[in-house]
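What follows is a pair of complexes built around chain A, which joins chain B in one and chain C in the other.
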Partner chain A sequence: MTATTFWKQVTWVVHKDLRVEWRGGETLWMATPFAALALLLAPLATGTDTALIRRIGPGMLWLVVILFGMTISLRPGSYDSRPVRDLLTLNGLDPAADYLGKSLAGTLMLFGVTVALTPIMIVLYAPQGNPHWVGLAVLAITGTLGMGLLGTLVGTLVRGLRVRTALGPLLAVPPAVPVLLATSRGTDSALSQGSILTWLLLLIGMDLALIILGVLLAGPLNETTA
Partner chain B sequence: MRRPTLADTAPPKTPVLIGAVSLCLLVGALYLALTAPPDQQQGEAAKLLFVHVPSIITAYIAYGIGLISAIWYLIRRSMAADRISSSAIEIGVVFTAITLATGMIWGRYVWGVWWDWGDARMISTAVLFFLYLGYLALRRSIQDPRIRAGRCAVLGIVAFVQVPIVHYSVLWMRTLHQGATIIRPDLANSTVDSAFGLPLGVSILAFLSLLLFLMSVRVRVTSLEDDLSRRLGTDQPVGALIVPPRLQGENGG
Partner chain C sequence: MENTALVRLTNVGYATSGSVILDDIDLTISGGDVLGISGPNGSGKTTLLRLLATLHKPTRGDYFILGATPSSSPEALLEARLRIALIGHYPSLWPEMTLLENVEMIDRLRGTGPSSVDPLETVGLKDLAGWKASRTSLGMQRRVEFARILNHIPRLLLLDEPHAGLDEAGRPLVDHLINKVIDQNGAVIMVSHHQYLVNPVLTRRGEVTSGTLQEIST
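Showing the complex of A and B:
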């Protein structure tokens, strides 16, 4: 397979997953409002200490994005039915292209959720600082890419299982801890005009590790789900 | 087919021998640990480290065996490799739990707290524990042996990435936990005092022999379970086997 064909397949999978999402609207109409509700409820649990709420705002945003985002990026594993997968395999879809395509679609959806939740967090928590917007955008892209890659990998592991809704987050959230750490601490640094380089490098390292592992293991994993 | 007898499930001699060696080493390690002098600063609490340190080293090795066996499975599709991988990881989870428990008790006496959020080693070890707990959950949720082996092999490889993160977290981050003392690049310049070195060394040997013993038993039990599943001709959970009785007259009958 040529590189052009491979990337065409990746693009095709991205289009397919985004189209399925657009038709179902689960991310837009269910996951995002529920995540916004979680942002609204969190200060009720911590108490109405304004200084504390200002401080925890960025961290809460990323916690909510990770917890709710995982359910979004785990979803493709549930709607790709057996006949659909058989058809894709018979049409010569490379498992690695499938993995990357699904991950990119998941990343786009998660980035959309993050963009939608950020103004809600700013209004509710009023974090202080002079944000470095470019830095924040780069953090958001690399962070959501990590979640997208991880969610797709775990989504394939739990595909077709009765317990996938409970097991998926258990498998996906522990390795997402570096993403939470890097995005929330990086956001704090970006708000105070500090350097985000360390956190960005951590995210890029994790993304690269997940791309390499995912591409290498996509074939064997596909055999167990085909 | 010959009917299985009780003799078929009797353990072979090798695990019994490893078990006996392991028991002797454990008794020796316990004696040396109890007779070791108390630490100048930590007092008797330092003796918890004779369990804490060997536990995490044993867990690392167990996860390493799990990783190598998982790769072996993906290359050769050998069910023996899958059994070794799952057994090693299962035992690794137990030793990680022991590490966390002894670490928290030690922390309560020496640091004054059960849990310290600023400690990278503690948090990364807890993440490691939950990650491999997820592996065990995945294993339990898949009935088909081939599918289970393939998916668990992939997770066994991915999860191992956390092991070096746990070990090197004390070097990469400024943290409350002390730096590496045993597994470090400059092994010759060990920071362990000679009074603690011998009991710690014997304790590590005892734990490693215990790992070998437990693995030999667990691999055998897994093999017997698979054999039983094959003989019964079912790998379905009981719920899926129960079907409503067909009533007379149903479906036009």
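Showing the complex of A and C:
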């Protein structure tokens, strides 16, 4: 398979998954309102300590994005059924292209959720500082990419298992911790015009590791779960 | 290996989770063959079709399926897979997409343009092309699967209960599909409990019982 064909297949998977999501609306109409609700309710639980609310804002945003991101990645609708997977295998879809395409589609959905939730976080938590907007955008892109890659990888690992919804979060949490730390601490730094370089490098390292791991495992996982 | 054989299984077996599903399968399929396979539920018929589709790898024995062998490179396996079509028990459609999109998505994946003949018209679904697959019956979904195959005639067509859900008017489509494959010197292997429907088109018959395949003289 040529590189052109490979990237055409990646684009094809992104297009397919986004079209299915657009028609089904699971992320937009189910996950996002609950995520917004979680952001809304958390300050009520902390009482009237506004200083504390300001401090936890960025962390809460990313915690909510990660948790609902995992829910989005592990939902039954995010997987092709077995007959469809058979069809794709017989029509030449490269499992690595499938992994990258699904991850990118998941990333775009999560990025959309993050963009939708950020104004809510700013209004409710009123974090102080003079934001470094470019830094925040780069953190959002690398952070949601990490979550998209991780969700797809875990989803592929537990695909077809009865205990998928229980095992998925257990497998996802350890590698999600550095992503959560890097995004929330990096956001704190970006809000106060501090350096985000360390956190950004951690996110880029995680993203690269997940890309390499997922691409290497995609073929064997596809054959064993066929 | 004979060059004329599209498929050759020699002493093939398949086991999973400690259970032997198929054992000692010997089978040679050449261009023009239409093999009908019957057998009781759970005897291994569907597993045999998945194995012939290269979706399961035999756990023992030797095989040659359109050039794919146990030692094939990934490229050779891909080459073989692109010439195989499988219609299984359950429809392989995206429920949220329309019937036309379900056909076109596969065309795009294979990098082929739209066919000069509208395959949905051939299978009698032209007027329903814009319907979501989730709104349609099992028979209509089967027809969409047939339409996809008409766009890319395979060398080896594997059918698992192809008449399931089809109405009286839809049943001849199965024969139409088989004839298209045979016209191009391909072969068809079909599992069906509807023997009265498949017998007229078969050139060979076999029965799977407890994981073993016995050929029955026609």
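Following the convention adopted for this analysis, the second predicted complex is superposed on the first by the 221 of 226 C-alpha atoms of A that agree within 3 Å, B and C clash if a C-alpha of one lies under 4 Å from a C-alpha of the other, contacts with A are read in each partner's own complex, and residues count from 1 in each chain.
We take it that a residue touches a chain if its C-beta (ideal position, glycine included) is under 8 Å from a C-beta of that chain, and two chains touch if they have at least 3 such contacts.
Bear in mind that the values here come from a model prediction, so they are computed numbers and not experimental data.
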Exercise. Once the shared chain is lined up, is A:130 touching chain B (first), chain C (second), both, or neither of them?
Worked result: neither
Exercise. Who does A:223 touch here: chain B (first), chain C (second), both, or neither?
Worked result: both
Exercise. Is A:161 in contact with chain B, with chain C, with both, or with neither (first, second, both, neither)?
Worked result: first
Exercise. So, does A:4 touch the first partner chain B, the second partner chain C, both, or neither?
Worked result: neither
Exercise. Of the two partner chains, chain B (first) and chain C (second), which one does A:48 touch, if any: first, second, both, or neither?
Worked result: neither
For this session: Kindly classify A:177 by the partners it touches after superposition: chain B alone (first), chain C alone (second), both, or neither?
Result: first
Exercise. Between chain B (first) and chain C (second), which, if any, makes contact with A:153: first, second, both or neither?
Worked result: first
For this session: State which residues of chain A lie in both footprints, the one left by chain B and the one left by chain C.
Result: 223
Exercise. So in the complex, which bits of chain A are touching chain C?
Worked result: 1, 5, 8-9, 12, 16, 19-20, 23-24, 80-84, 86-93, 219, 223, 226
Problem set entry | Residues of chain C defined as touching chain A within the complex | 50, 53, 55-57, 74-75, 78, 81-82, 84-86, 88-94, 96-97, 101, 105-106, 108-111, 132
For this session: Flag every residue of chain B that touches chain A in the complex, lowest number first.
Result: 74, 123, 127-128, 130-131, 133-134, 137-138, 141-142, 146-147, 150-151, 153-155, 157-159, 161-162, 165
Exercise. Which chain A residues qualify as touching chain B in the complex?
Worked result: 153, 157-158, 161-163, 167, 170-171, 173-175, 177-178, 209, 213, 217, 220-221, 223-225
